[in-house]
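Each chain carries a letter (A, B, C and D) given by its place in the written order, and its residues are counted from 1.
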Amino acid sequence: MSFKEGEHVLILYKDRKYLKRLVKGLHLSVRGHAISFQDILGKQEGQKIGEFFVLKPSLEDILLLGFKRGTQVIYPKDAFYTAFKLDIRHTDRVLEFGTGSGAMTAVLSLLAGEVWTYEVSERFYKIALKNWETFGLCSNVKAFNMNFADAPLEDEFFDACLVDVKEPWEYLEKVWRVLKRGKTCAFVIPTTNQVSRLLSSMANLFTDLEVLEMLQRHYKTNPERLRPEDQMPAHTAYLLFGRKRI
Amino acid sequence: MSFKEGEHVLILYKDRKYLKRLVKGLHLSVRGHAISFQDILGKQEGQKIGEFFVLKPSLEDILLLGFKRGTQVIYPKDAFYTAFKLDIRHTDRVLEFGTGSGAMTAVLSLLAGEVWTYEVSERFYKIALKNWETFGLCSNVKAFNMNFADAPLEDEFFDACLVDVKEPWEYLEKVWRVLKRGKTCAFVIPTTNQVSRLLSSMANLFTDLEVLEMLQRHYKTNPERLRPEDQMPAHTAYLLFGRKRI
Amino acid sequence: MSFKEGEHVLILYKDRKYLKRLVKGLHLSVRGHAISFQDILGKQEGQKIGEFFVLKPSLEDILLLGFKRGTQVIYPKDAFYTAFKLDIRHTDRVLEFGTGSGAMTAVLSLLAGEVWTYEVSERFYKIALKNWETFGLCSNVKAFNMNFADAPLEDEFFDACLVDVKEPWEYLEKVWRVLKRGKTCAFVIPTTNQVSRLLSSMANLFTDLEVLEMLQRHYKTNPERLRPEDQMPAHTAYLLFGRKRI
Amino acid sequence: MSFKEGEHVLILYKDRKYLKRLVKGLHLSVRGHAISFQDILGKQEGQKIGEFFVLKPSLEDILLLGFKRGTQVIYPKDAFYTAFKLDIRHTDRVLEFGTGSGAMTAVLSLLAGEVWTYEVSERFYKIALKNWETFGLCSNVKAFNMNFADAPLEDEFFDACLVDVKEPWEYLEKVWRVLKRGKTCAFVIPTTNQVSRLLSSMANLFTDLEVLEMLQRHYKTNPERLRPEDQMPAHTAYLLFGRKRI
């Protein structure tokens, strides 16, 4: 499909990527090479224009390069694994507690029937709404700008749950209550101290506890000199999982 | 929901997991503790029976514990990341080349509109069909027991592609041809020699090349003595990604 | 040099290693292949005898295969890094607190002028002495079977210090006292909870604090199919370092 | 011991480290805080001066912060492990082929009786000599600015060998020849292609082949919020080891 004005484009220049909105009159300059956005209109995905390739941004591109960040955005390596680990089907209703910038919501919404997401900060709530609108994501998401503790929710209402807040242990009983029996809850946690504290709190409410971290190592793509990149992220978050016991 | 005869159950005993089909008269014995399958019928997900918890197996449980393996099954850590990386939407048609035991197919089918999967080995083809049938998966999958090279496929037919075969470079032009412009192809590759060879072959057909590995490290879940497990998988596969250039 | 009776030999059979003492009349059988120790006498290091290679065991071989273990032996990957990190010179006097099986002592003794090592358990103390005697190590080591808290030691007596005990924070002030100004102390710690507790205790006594872990990944050595081993150790210990502040 | 003019000092400011030579009249400024070198003279190691700590630089500090680099300096995580792996005793003669900036030489020289090191590049040779002189290292090292291929060396002359050059396979037979029977040779290699090529060449000359990589992950030292650093080195080198077979 060809690029139209107002759409987003991923522009590659060697190892660099730029996510831009196609507005006439603008251009991108990289190291002495320039590409005019006017020239991208009508071009095909995957086409080469001078030194540049033009592509439709993938969900990963959008999360990494396109989303405005009110807070730390969850990494694709963590988000993609976690979403599947929640074992969601297209008819499922999923709870997200801690919308943040809405990145995890966008991933969950691709697997779920609907996602209900709660965010107490008005600033983050607005950033998330804006992010989804900008990239046409999350049409099956109900977002609430409220404290999860105050949310009027039926018992055993959700098929899966994702919690990404600072003090998850304070809301653990409510999370447990609104989750269906045996279903999975995931937690995204930055420090070992929080992991220990959360594990202690979970023991009587959840079973099949798992704590893990995902590490992703990229390689340079020169086939004659194959080797890993020089640097990699050493830590983003610990991921915790448990299933509701009764 | 309560367990019924003929269903699958995940039985937890401390850190151990067993995936079983509920057949009357059978039971599971672990270290001197026994659970009769008769006693599980009618019980709720997440319920404790003696020393055991009973749960519905998740997709990850099914892939790791339930699938018969004709060949190496792709690991969830790799499959879950790869599936999202392919940037699949519910209306998309996805190609899988190399069905194997059907594990990756099951993951792709949750994100895609439909999956077309090709497997040349009759043995693997039958194992995959059986695996899906056993666990009620892959209703949107078309499986072909044929050589991908012989498959009569239109150009630019697929929105994404996953290749997991020994010599992917031999089929690269056809893979490129049946993929839509700019769309992503993923490769699952065990050795660095194959990575080098594939990268060389891809350079003129694909752009935005990425090579990476996913490492997953589990922790022991004792909150007073938090530490990683003693052992972890050091390697399953290198993951390669590229987008069709034109 | 040629092998003599009573010496230790490292016998390789493909990827397997065996550390044996050369006693006449004995032999080693591996998968249907046998090597008589009689036949090794007089042979050269590096020589091939049937399907086997015979070598002098290195320090790493001795620590991994030869040392009797009363407790967890420190891994070479951790021991080798830590020993150099202590910045020891041949004229230095090094303190080890927690002799254990004597593996770390053997590593330290190669860099130091002398090592003073303390072990409260009589069983471990005897195992360590026996290990060193068996392999002719640690001639510059003074080993004490006593509680470090009771050791009559001058202030600022040691040039470096290695602590490998369960509750290092209880001895921290004494460790600090016997160490020379600005010199390094290393700690070997298995859990994150202990790391947190030790860091809290160290803050006023030590500066230049570091916490790290060493991960070692082996590869299969087939040049046509280069790839990492399937499994690797995921965790042995966290290593902490600090320098005495005044 | 107290600091004297002309000596090197490691200055800590929070998480930052600076290695400086104490020259009167100079000072260090970090984020609005300044320390005059005059004020450090006569101070003790480990002492706090304003916001700064002053310490004697360790070998690791010197390699990371003090050595001039003509080429990539080997990382301490790799150098420290490799040096011990060579199984060197104080009476041993060690060969280094590829002096580079002299970092590995400095590590080897602490374990060996003497190190003979060869460097073909005059520029690197001079950098290495200068590095050792600056920090008072390597008094037991014989450095040669010549092509290793031309070095007049007796057979079975060295107890261990370290090779860090671009095309080690070209010199493999000579390396093998000058090494004593059964002794260890280590190679430092950046790419998988080189690893494959070197492994192929080694098969008939060496046994007990090992390929591995060392990964080091640092943690932030806040005990209340223990977590790994955000970034880590993903790759420095593959380490290969083999023992001379006959």
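Basically, a residue touches a chain if its C-beta (ideal position, glycine included) is under 8 Å from a C-beta of that chain, and two chains touch if they have at least 3 such contacts.
Small disclaimer: the values here were computed from a predicted structure and weren't measured.
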Considering only chains that satisfy the touch condition with chain A, which of them also satisfy it with chain D?
B, C
Chain C and chain B are one sequence twice: same or different residues at the contact, by the over-half rule?
same
Of C-D and B-D, pair with higher C-beta contact tally
C-D
Based only on mean CA positions, could you tell me how far chain B sits from chain D in angstrom?
44
Distance between chain B and chain C based on Cα centroids, please, to the nearest Å.
42
Just the number, please: Cα centre separation of chain C and chain D in whole Å.
21
What parts of chain C, by residue number, touch at least two of the other chains?
192-193, 195-196, 217-218, 224, 226
Arrangement of touching chains [line / ring / star / complete / other]
complete
Chain C-facing residues of chain B, complex:
190-193, 217-218, 224-235
Write out the stretch or stretches of chain B touching chain A in their complex.
1, 12, 17, 44-48, 53, 55-56, 58-60, 76-77, 79-81, 83-85, 87-90, 107, 110-111, 180-184, 192, 195-197, 199-200, 203, 207-224, 226, 238, 243-246
Please give the residue numbers of chain A that touch chain C in the complex, ascending.
192-193, 195-196
